[in-house]
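Several structures are given next for inspection.
Across the two complexes that follow, chain A remains constant while its partner is chain B and subsequently chain C.
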Partner chain A sequence: MIGGRARRRLLEAGQVVAILAFIAIMLVPILWIALAAFKRHVDVYQLKLVFTPTFENFARVFAEPYDLGTKLFNSTIVATVTVLIAIPIATAAAYAFSRFRLRGQTLLLVVILATQFVPAVVIVLPFFLMFRDLGLLDTLTGLVIVNLAIVMPFAVWMIKGFIDGIPVDTEEAALVDGSSRLQVIRNIVLPMAAPGLVTAGIFCFIIAWNEFLFALILTSREAVTLPIGLALFKAEEGDLWNLMAAAGIIIMVPMFVLALLIRRHFVQGMTMGAVR
Partner chain B sequence: MRDRTLKYLLVAPAVFVVGATAVWPLAESLRLSMHAGRLSRPDFPQGFVGAEQYAWAFLEQPAFWNSVGVTAAFTFVTVALTTLLALCFALLLARGGRFRSGVQSLLILPFAMSPALIGVSFRFMFNPEFGLFDAFLGRLIPGAADINWLADPTMAFWVVVIADVWGWIPFLTLVLIGGLASIPRETQEAAEIDGAPAWKVFRDVTLPQLLPVLAVVIILKAIFSLKTFDLVFMLTNGGPGDATQTLSHYVYFNGFKYAEFGYASAVAWLMVIPMMVLTYFYARFVFDRA
Partner chain C sequence: MASVSLRGVTKAWGAVKGVDDQSLEIADREFLVLLGPSGCGKTTTMRMIAGLEEPSAGDILIGERRVNDDLPKDRDIAMVFQNYGLYPHMTVRGNIAYPLKVRGTPTADIAPRVDAAAAQVELTALLDRKPKELSGGQRQRVALARAIVRTPKVFLMDEPLSNLDAKLRVSMRAELKNLSHRLQVTTVYVTHDQIEAMTLADRVAVMSEGRIVQLGSPERIYNDPETLFVASFIGSPAMNLVAGRIVDGVFSTTEGPLLTLPPSAPVRAHDQVVLGVRPEDIGVVAPGDGDIDATVFAVENTGDSVLTTIRLGAETLVARSDRYLKTVIDERIGLRCSPDHLYLFDGPGGKRLR
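After this line comes the complex of A and B, so read on.
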């Protein structure tokens, strides 16, 4: 018996070591970038762990010619407006899909699901031409429109999952008592679904914030977002790593906070309910 | 208002948005792909050419076949490696408890990183002069420190693979932990009591029950691998030469560097076809569970 316990303890120790090694590999690239953001230019080019930290890089990325503040503003506006448009629209559709049978419901749901898998390069070619004709190139409005394309399928499927989980009894009781369907939605469904809506909103915000290809092609000066801003630091004299790292921190840290807030629902969101 | 009318009013805005932002561009690229479309000329798009640009890609463009090969190899290798490693980590982490749950939470972080930033991060790590991985591998394998990773076609391909696998392992691991958690413990315990060794319990009891989740994970990862663009753009920009040029990058290059919109649309549509096949299988899994 003792032998069995010792063996089990050894096995557990081995597993803990393996887990620690694994998580170290997952975190080192992030930590290394984070460290570089606080290094002076000369320290970046050496594998130093001990160095005098500086905030100079952050000051420089916000100053001319990089002006990351504008990109931060653009990213925030685009992601926020995208979410504010997508979530109400998706909620209405998700409620209908969850509570009623519609003609062609399965087909509609499959089309919405499939939208997520259409390569972004396919979507961007016609939009480039349309925006060129409408004067929407390099505008935040244009970016919001194309970002809706990528967040919509996630939002509909995620919110449908949350509404599916709300029991219908209370709704039916209220309907019998003479409430209208819209009153039921406003007074019963929305309050109960609120945490789910916030979760879906955060999830879509992260996707829109990290979006790269649309912003790369459809913006040039005015409406440039943060991920595209990274390319500014690929200078003629080589990459300005410490500035790139500082910009990287500004891009990733807010998303880390948001992602940790909704970590339980991340998997469900990405797989659209195929895995719960 | 009657429910019968209301339900269609509720879905109408969403259907409109999806139609306008996804279905319309798909149809429009199909139309463009059949027209000669040089953006630099004023009479854009020029005349109808039917399937000529598709034939052009297949018959006259070695660069197209190169990007097909790169994308196929990249998809195969990243799907296999990510799934295999994620399965190992999921098995290590599935048991729960405070330590393992804490590690699971940390796994969200790489996944919340934008792929463009992952590209930057790995270019930094594999820099031959001061990259951390480069220095580390140099200690491990003599001579490895002298390799200029991103200048060598084969090595550059593997650096892109490593960066992609690194970025996707957390997500796949979390999905598989979810899958493992949904398997009833009793079946595994019964096999353990019968004296079956751990690997046999895994192979004969756990793995068969995990197969549906594994299938979902593999299809989903394959779809995302086929689309890969951001990472490649920031890490290698398709190079050296066209050694890491994926199909998405090839379309981008033809459309926006050479202004060949018709040809780019044709190649883009060739990407849509495998995507539709994969989506079909994916949708079947989603609806089987519903």
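After this line comes the complex of A and C, so read on.
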């Protein structure tokens, strides 16, 4: 028999091991990429931690023929514009869903989400044909439209959750105090939902930033984004892992910086629903 | 300042009627309390006056003006919510200033008025805090200050004290009373707490199932209830109510004759009747000296008085006596009912028999 205390110790130790294993599974690939980005091509497959670091990979990915700079620019524009359009519209929709009783509300909410149940591969071809006819192939505008379609359902649902968490009393107090509905939204709802809006914004940015399939099919030269740029490194001379890793770092770093900058909002937003 | 009138106001959600064809005249500067159990329609009535709920039928007037189609902001009212409805992202100062700011008061006028309102409710030291840094009582004061920073035509208060602990509630009640006396603004106050209603109101409207069942001064409501519902709702401990019948001026329960009614009793014979008598109108006397002899079931000393419970068959009676009464469980005692304070209600309908 194991005593109660010993058993608890054992359990705790087990937990720690499990957590460490989980973290390792998550982080080792990233670490591998981070190291590979600074290795020469010949060193990539050697698992040694000591090597002569080089910045040559970063220089090469920005040069022709890879030209990652343009792709970085494209990705930034697409993701940023998507967020700038998606969040205000989603907020308006979420507010309506949260505060007004609409006919067929539940159905509508499910339908919005249901657009995401359709596998992207299934609808990418219709999108291609439609965009070809509309002249939107290989344009940033086209990519923004596609990304909006992808992120809006998530944004609406997420923001609705945050607005649901704002007590109706507070809004009614503002109405009685002399505000119009729009003033209530501007003065009360938006400031109170701000952490949530930021969270939703980051979420949408990440989705748009990493979007691969649509960008792959719908762009060819002008509007190619970073994730597609990555695929260029699967060349005839084999997989250029060192270049791919350098490009991977360039894709990841903005995410890290973004997350660090708005960490406070992010945590606040993530816990907002929970601590009521 | 203004009067408030409800004329045949109904609020229905499908077949459910929250407020049923309600009419009510509230005089200028009156403090009217809407009192009733939860779900009786009191809050809905108030919310319709505020414009937060649209009446299904009827008219609402503030002053002489019909406000049915006015937005809340155009009704010139101030409201205190049960959960205070403070703006968590603003300081206390910002909260109190908001009604002025949003109505376009010149900036120079705002600060002195905020200071004055804060001083009225003793918040001056806390003006730069956020609501989450305040205690429940302090939040309540912020809500009050926000209401009094303007001089609206009508104050609406929706259970403003119910989230406070018992002790704070009593002291805030006194402050509210003092404040309303000083401000002299028409006030509609919703509560389910009969003590709040009794202490604060000029008139109390007791509501049940979407209707006002009695409207009158607190004294009138307490001393002269018109229905069984009002009698049972007002008073703590509640009025003793015993079902039975009256034959030849004698009230009997299924257990047998209980009490000979005084000559002033409104009926001499009635088949189904409920006899009501308040605990403080029952005296505990020596066995044989009273109207009823009984055995003590429980004795509760509340500090300021002693509650003696006796059982009569299935019925329970409570007598409230002064704090020096000494009785023990199972003791035989007599009970004497004050003949001027017996209430008789028609059994099925609950209407007072007069």
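We take it that the second predicted complex is superposed on the first by the 234 of 276 C-alpha atoms of A that agree within 3 Å, B and C clash if a C-alpha of one lies under 4 Å from a C-alpha of the other, contacts with A are read in each partner's own complex, and residues count from 1 in each chain.
Please note the rule applied: a residue touches a chain if its C-beta (ideal position, glycine included) is under 8 Å from a C-beta of that chain, and two chains touch if they have at least 3 such contacts.
In this text, all values refer to a predicted model and were calculated from it rather than measured experimentally.
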Inset, instruction - After aligning the two structures on chain A, examine chain B and chain C and state clash or fit. - result: fit
Legend entry - Partner chain(s) touched by A:Leu68 [first = chain B, second = chain C, both, neither]: neither
Inset, instruction - Identify the partner contact of A:Ser179: answer first if only chain B is touched, second if only chain C is, both if each is, neither if none is. - result: second
Inset, instruction - Tell me which of chain B and chain C touches more residues of chain A. - result: B
Inset, instruction - Determine, under the contact definition given at the top, whether A:Thr170 touches first (chain B), second (chain C), both, or neither. - result: second
Legend entry - chain B versus chain C as contact partner of A:Leu27, first or second or both or neither: first
Inset, instruction - Have a look at where A:Leu243 lands relative to chain B and chain C in the superposition and call it first, second, both or neither. - result: neither
Inset, instruction - Quick one: classify A:Arg263 as touching chain B (first), chain C (second), both or neither. - result: first
Inset, instruction - Please indicate which partner A:Ile188 is in contact with in the superposed arrangement: first for chain B, second for chain C, both, or neither. - result: second
Legend entry - Distance in angstrom between the closest Cα atoms of chain C and chain B, superposition on A: 9
Legend entry - On chain A, positions contacted by chain B and by chain C: 180
Inset, instruction - Under the touch definition given earlier, write down the residues of chain B that touch chain A in their complex. - result: 1, 3, 6-8, 10-11, 13-15, 17-18, 21-26, 28-29, 32, 89, 92-93, 99-100, 103, 105-118, 120-125, 129-130, 132, 135, 166, 169-171, 174-175, 178-179, 182, 213, 216-217, 220, 223, 226-227, 229-230, 233-234, 247-248, 251-252, 255-256, 261, 264-265, 268-269, 271-272, 275-276, 278-279, 282-283, 285-287, 289-290
Inset, instruction - Write out the stretch or stretches of chain C touching chain A in their complex. - result: 50-52, 71-73, 77-79, 81-89, 98-99, 102-103, 143, 146, 156
Inset, instruction - Going by the contact rule at the top, pick out the chain A residues touching chain C in the complex. - result: 167, 169-170, 172-180, 183, 187-188, 191-192
Inset, instruction - State the interface residues of chain A toward chain B in the complex, per the touch definition above. - result: 15-16, 18-19, 22-23, 25-30, 32-33, 36, 44-47, 86, 89-90, 92-93, 95-97, 99-100, 102, 106, 108, 110-115, 117-129, 145-146, 148-149, 152-153, 156, 180-182, 206, 209-210, 212-213, 216-217, 227, 230-231, 239, 241, 244-245, 248, 251-252, 255-256, 258-260, 263, 266-267, 270-276
